[in-house]
Amino acid sequence: MTWRSHPLPAEQQIELDGTRRERRGYPEAVYCEGKTDAQLVEIARQVVRAGTPTLFTRIRPEQVDVLTDALPDAVYEPTGRIAAWPGEAPAAVGGLVAVLAAGSSDAAVAVEAHFTARHLGRPSELVIDVGVAGLHRVLGKLDLLRAARAIVVAAGMDGALPSVVAGLVGAPVIAVPTSVGYGAAFGGLAPLLSMLNACTPGVAVVNIDNGYGAGHLAAQIAAP
Amino acid sequence: MTWRSHPLPAEQQIELDGTRRERRGYPEAVYCEGKTDAQLVEIARQVVRAGTPTLFTRIRPEQVDVLTDALPDAVYEPTGRIAAWPGEAPAAVGGLVAVLAAGSSDAAVAVEAHFTARHLGRPSELVIDVGVAGLHRVLGKLDLLRAARAIVVAAGMDGALPSVVAGLVGAPVIAVPTSVGYGAAFGGLAPLLSMLNACTPGVAVVNIDNGYGAGHLAAQIAAP
Amino acid sequence: MTWRSHPLPAEQQIELDGTRRERRGYPEAVYCEGKTDAQLVEIARQVVRAGTPTLFTRIRPEQVDVLTDALPDAVYEPTGRIAAWPGEAPAAVGGLVAVLAAGSSDAAVAVEAHFTARHLGRPSELVIDVGVAGLHRVLGKLDLLRAARAIVVAAGMDGALPSVVAGLVGAPVIAVPTSVGYGAAFGGLAPLLSMLNACTPGVAVVNIDNGYGAGHLAAQIAAP
Amino acid sequence: MTWRSHPLPAEQQIELDGTRRERRGYPEAVYCEGKTDAQLVEIARQVVRAGTPTLFTRIRPEQVDVLTDALPDAVYEPTGRIAAWPGEAPAAVGGLVAVLAAGSSDAAVAVEAHFTARHLGRPSELVIDVGVAGLHRVLGKLDLLRAARAIVVAAGMDGALPSVVAGLVGAPVIAVPTSVGYGAAFGGLAPLLSMLNACTPGVAVVNIDNGYGAGHLAAQIAAP
Amino acid sequence: MTWRSHPLPAEQQIELDGTRRERRGYPEAVYCEGKTDAQLVEIARQVVRAGTPTLFTRIRPEQVDVLTDALPDAVYEPTGRIAAWPGEAPAAVGGLVAVLAAGSSDAAVAVEAHFTARHLGRPSELVIDVGVAGLHRVLGKLDLLRAARAIVVAAGMDGALPSVVAGLVGAPVIAVPTSVGYGAAFGGLAPLLSMLNACTPGVAVVNIDNGYGAGHLAAQIAAP
Amino acid sequence: MTWRSHPLPAEQQIELDGTRRERRGYPEAVYCEGKTDAQLVEIARQVVRAGTPTLFTRIRPEQVDVLTDALPDAVYEPTGRIAAWPGEAPAAVGGLVAVLAAGSSDAAVAVEAHFTARHLGRPSELVIDVGVAGLHRVLGKLDLLRAARAIVVAAGMDGALPSVVAGLVGAPVIAVPTSVGYGAAFGGLAPLLSMLNACTPGVAVVNIDNGYGAGHLAAQIAAP
Amino acid sequence: MTWRSHPLPAEQQIELDGTRRERRGYPEAVYCEGKTDAQLVEIARQVVRAGTPTLFTRIRPEQVDVLTDALPDAVYEPTGRIAAWPGEAPAAVGGLVAVLAAGSSDAAVAVEAHFTARHLGRPSELVIDVGVAGLHRVLGKLDLLRAARAIVVAAGMDGALPSVVAGLVGAPVIAVPTSVGYGAAFGGLAPLLSMLNACTPGVAVVNIDNGYGAGHLAAQIAAP
Amino acid sequence: MTWRSHPLPAEQQIELDGTRRERRGYPEAVYCEGKTDAQLVEIARQVVRAGTPTLFTRIRPEQVDVLTDALPDAVYEPTGRIAAWPGEAPAAVGGLVAVLAAGSSDAAVAVEAHFTARHLGRPSELVIDVGVAGLHRVLGKLDLLRAARAIVVAAGMDGALPSVVAGLVGAPVIAVPTSVGYGAAFGGLAPLLSMLNACTPGVAVVNIDNGYGAGHLAAQIAAP
């Protein structure tokens, strides 16, 4: 004999914001972390029914199959754990977005930002492993940086790269602290505080590991 | 050969507060997280023997079977990881309790609050996915909110929903920060602080993810 | 008799970054908090000699006279504790900047942002006391918000306004947490975390009370 | 010669929420800390013009004269640094509010809560210096506690009193941590965390030293 | 082909403090968490060789077999994850130690303290589940409390029990915060701060979950 | 014209715990920080009327005259900001208390502990400036340390002294972190955490700068 | 059918800083934690191609085989989770490096520092289990300590050892807090703060568990 | 009539570590913050009597006259709030120390380090205002940096300069976070964490604003 069980049906747990695209002009996004399979399936159902372009972020490995079954015609970027429906990015319009990762361990976050900017309709360039320990690497990218309308910089540990980049260009810098590091990095707190205190004006900060948010902002800034 | 082992017997580890119901008028509750199987079985034994209505909160999946065997005539809500013995909620009396979850990831906490309010004897309504990113969703629930005697609002991330809700109604709002989020959400610290600093008076806060406590308070506030 | 004293001369303490304007296209800025009078006088001397347009931020009341003597043809905004040299803002070009303060206690920070945006050459509109406790106030500004190319939102306490504003428009929102509040506001930590966890994409955050940085970013985003 | 100065006029800094009373049924409140004299005078002007009953909280000693001149027919409680306009509290209706202070150093916060509850129209009783170090003191107030519809408990240091009180009664307890203490009290963080983790259900928490918020909630809970 | 590997031999990693017993009069103790199997075996070897009475604390389940093989004539308490060699506790001398756990989830820590006090040679009594939510439970133990020369109180969540107990007796109270709880308990930070700010004098605090340290102190205090 | 003002009378703010001495056997204590003059006068009045021996701690310089007028026959220790009524300490009985201050800046806290232990009836010895930077200083006090029944150690900055002392003796060590230091001392947090994590068993911790509490505990431990 | 997947190729994620050796004179280092297998293989490829001596730190057990295949002629130290390519350490030149671990649980960090110093070309001695609980152990190593040009001290818990060591010698001490401990050690925060507040001058601190960084600094300090 | 007062005599509060110079080879230092005038006078008396060269750090303005009277033949540096007795620095021997301040607000800390290094007998060069916002400034000092045997870098806000400097040279970098900044700088916590997480090896950190400690370490590292 088992307990009588009353799970809340998934359709009572989801009420997608169907009018965001009208109000804001950008696709809907679904944060997958912590969602149950049943919730994801219900979301996919509502997305397809409404025909709303949608990004799926922070997809856990065990959720990939669930989403694949529900949205077969989507595109998935495993490095950035992000997907888009429909799979084709819109034609690129507006200013250039440049996305930098300080180290190769920051690549996942930078790729999430790059993917987002592309799927929100901007041209985007991605550069990885240009941390301040070897300044010549970022100085070697000055042409790209000066061509950009918005720059995303993902960095963990000391979070020093955004200050350096912002000192070199006139475009706004969106800094993304990453949880790369250990000990006194405190899960990204160190680069977060560092970036909030950038000694160079022109640096705005998003949440730790929030590549999606950074890419979204860059796309808004570089909008035509 | 093994070490000689002296485990403390479970019956020496449990002394249920048998008079709470008389003093306070509400069922006993058992927080299951971190309890051993032997402790749970002993608790169930004491509950049945004394006939005390009891809620079981934070039931870990691997504890479900243990409790099922010990209390076959209970009801279990897997979304909220909560159970009640006896399984039948009392007849609903008193004012209406409204329970809101800002996002679908907050559903577990909201369901825990809703289940608790119902099993403490109040009428309760549950609404999920009405965060401030799309204000029209919460504004569409004004009739329900204004009919309620107590409102529970579960929200993670920025924890902004309770301030907005409290600005719209005269009833007290019980805000429950959730651990939904990542990075600078710091396990619910962000919405916790946000709610404690609500710019609207009429917001009281309970512990992160404490849906049980929120539902309990709402039931007390809406008592006949 | 006194100790022999070796104070470091001010001119050895200051090396203004004379080429920022060329590299970045925006005026130099001097953070006055914690600077000695001798340092400020030396800075003013270098500024005038080089003819570099310069903002002076966080001017303490007792520093006003020092700066006045050194830079008589500057303009000073006491609400925002900010000054500009030369005093005349450049002609406004580029997109509109909208600056919002959630409460009247946040006015100082908002004025600092507004003043900065104007002196970096953007048209700017300032609106004060539109917090979420009375949603009708911010909803009444929708026309202004939708006309803006960049929006600055200053808020203390729960920091909920940026999430709400970002949900209503397509332009990027620069959120400035303020130290307005007490207790668990922890000097602005509460709205800082709240804003970093905004449930609406399109919110970037600068340091607590950093109106200057927010205005600078808005001017960059709204550049022609 | 002085700098040309552009202070923002006070009337552009204040937009009182004139409809709160209609929406919520309770007086407006003005948080005075950090407001300039000019802002307070403008607020007083708008309050009188609209005839809106208003509380003024956290009045700094040097602000008393400013408010006195602007609102001569108000009542002022110096222990709680709070004032009300008009000065007469409404007739008391609804359930009883009981306000407890653990120590005499917590009296200021408790008085603020008591004053607020009275001016929101509830009967209220105030008891001071009943901390858990001498349990007989709080046990001696059981009759009052059991007669109350809502109980406010202000406590600093270990913040233990709300747990004890909630274990004795059926009414909801609004716990107010105070900044009384030193060292590891961290400005009220210790009792704040203690209260959020109350081992007794039925405890809701407001911000550190927020006597106003606690009294407001108690009045809402005890509304007729 | 594999890399050439140079592991540091265990005997170069351990230098037991063989003279502690002479200096201090109490057994040696080994904190097992984080030690490798090789380190534990080496320690056991040194312990047996020197004939030093030793406690082993924080034994992880997977370490039990390793220690069993190395020290067959030891006694192991699984509830408290603690062992003693030799297995027989010395005859009890000195004053009585009373060990209280606020809830049954705190039993592990309380048992560790009780076991330690016994193996350091004191008479000890253990009482579990006497939290402040039901004051009558702790008040029912007054005789025991007043007979004790030293009292250990283990509590998680609000950590309120030590203040209450210390207010009732003349003996010193050793408070042990436990990591029992969730959310704003922050792994035991809440009861730790609460206990450090006990409003009753006579409460000293040890590290979170440090039942061993509490029992050790109690044994020292109650020494003949 | 002034506002009508309703200050709460002091006698309604104070309810001394008159039975503590009977329950616990030690004098009452009054924490003066944050108390108003009127509250102090009322407390002094109740103390004299009941004839209760009382300590006054954390006396602010501007409060000295108030207390002097109210309790002329008290004794005051300005280094420790502490006073006792009546002024004569009781005859010393029980074990020896040794009080150590790591640096001369910690003297205030150590003196508060020493004064307290003496006025609770214990013999007490005070030693100042024996930090671990010069180990020979503390090693030179071994005879005193080994003669003591309880040892109080006050230290700021790294808080390393209690670990070292506890390793040398069999008596329990009461560690008092002090707020001496700057920067990453975070007002005493650094030595507080250091002491809670003492690698030597036998160290119990009280609140930052809580010399009174440490002296009280030492007196309890060394009671005859 | 599966989603179309666009993983970023590893060669676009890595841009080794090939000129560090020229600029700084020390080998390159790769922090393996969080790197994907593909990234590690690409790094190994670039290392071999450029012939750059390289250390690999924080190698997770599951990464050992990947690196083994890519760099068969490397040497691996499992206690310190560190490897070097090429496997032979250079001839030792310069001053002596002494590496101390307070407890045997700190051995992993100390070994990482020792290995690093050796592979950067310094003579190095390693001593383990010399914590301050038994001062005679560290006092027994005075000859080694006084012979060293740079001393690394790894300690968790109270982090008291570096203060004590620095008080005994003239050489600089590099303190490495370790995450050994529990509860209020907060993952190494306690010893980190303790070390930053060392009451003895001559102590510099690196990140928690950063044995590599400590060994690197020691090698720089002891350079010929 | 006044209370009978028992202040502890200053000579019982001070026991200078007279043998430090023999043990460690460097002058004694006295941290003046928080010391009473009587303590300072007693210290000066002991210093002169023993003839021990001594530094006085963190001298508060109101303490200057006290020290001047006690030690007329000392030298005082008001920018760095530091003094030395005797006033003449020893002849400079050993390697070069380079001291950098990121901004002019960091000058006080850098001057304290520079003064310390000189009075411990090293040649030292001081450079101010070379922050990363204008990279050309620090790149213009490469010759100095490469000539140094030890480099001190003082920086507040983002604390990014040490990482950049360490990437350019082979000498060890002593990073000093300063409390320059506001908001999320949290009194120097931001640069402290940033520096502890420097992505370049070769950076060691001292306490916030600890210019003395940094200069001391640099002198030790650059010792002949």
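Each chain gets a letter, A, B, C, D, E, F, G and H, in the order it is written, and its residues are counted from 1.
The rule is short, and it goes like this: contacts are C-beta pairs under 8 Å (C-beta built on N, C-alpha and C of every residue); 3 or more make two chains touch, one makes a residue touch a chain.
Chains and their UniProt names: A, B, C, D, E, F, G, H = PurE domain-containing protein.
The shown structure was predicted, so the numbers you read here are calculated from the model rather than taken from an experiment.
Chemist: For chain A superposed on chain B via Cα atoms, how large is the rotation, as a multiple of 5°?
Modeler: 90
Chemist: Comparing A-H against G-H, which pair counts more contacting C-beta pairs?
Modeler: More C-beta contacts join the chains of A-H.
Chemist: What's the chain with its C-alpha centre farthest out from chain C?
Modeler: Relative to chain C, the chain with the farthest C-alpha centre is E.
Chemist: Using the average of all C-alpha atoms in each chain as its centre, how far is it in Å between chain D and chain G?
Modeler: 54
Chemist: Could you state the distance in Å from the CA-based centre of chain C to that of chain F?
Modeler: 47
Chemist: Starting from the mean Cα coordinates of chain E and chain H, work out the distance between those two points in Å.
Modeler: Here the centre of chain H sits 43 Å away from the centre of chain E.
Chemist: Using CA atom averages as chain centres, what separation in Å is found between chain B and chain E?
Modeler: Centre separation, chain B to chain E: 33 Å.
Chemist: Do you know which chain C residues sit against two or more other chains?
Modeler: Residue numbers touching two or more other chains: 20, 23, 103, 133-134, 167-168, 183-185, 189, 192, 196-197, 207-208.
Chemist: If we use the touch criterion from the header, which chain pairs count as touching?
Modeler: Those chain pairs satisfying the definition are A-B, A-C, A-G, A-H, B-C, B-D, B-E, C-D, C-H, D-E, D-F, E-F, E-G, F-G, F-H, G-H.
Chemist: Across the complex, what residues on chain B touch chain D?
Modeler: 20, 23-26, 29, 167-172, 174, 192, 196-197, 201-208, 212-213, 216-217, 220-221, 223
Chemist: Which residues of chain E touch chain D in their complex?
Modeler: Against chain D, chain E makes touches at 102-103, 131-135, 156-160, 163-164, 166-168, 181, 183-186, 189-191, 193-200.
Chemist: Can you list the chain G residues touching chain A in their complex?
Modeler: 1-8, 12-17, 19-20, 23, 31, 33-35, 39, 43, 58, 177, 179, 187-189, 192, 207-210
Chemist: Please name which positions on chain C make contact with chain D in the complex.
Modeler: Of all residues in chain C, those touching chain D are 64, 67-68, 71-72, 74-79, 83, 87, 101, 103-105, 107, 111, 126, 128-130, 133-134, 136-137, 180, 182-185.
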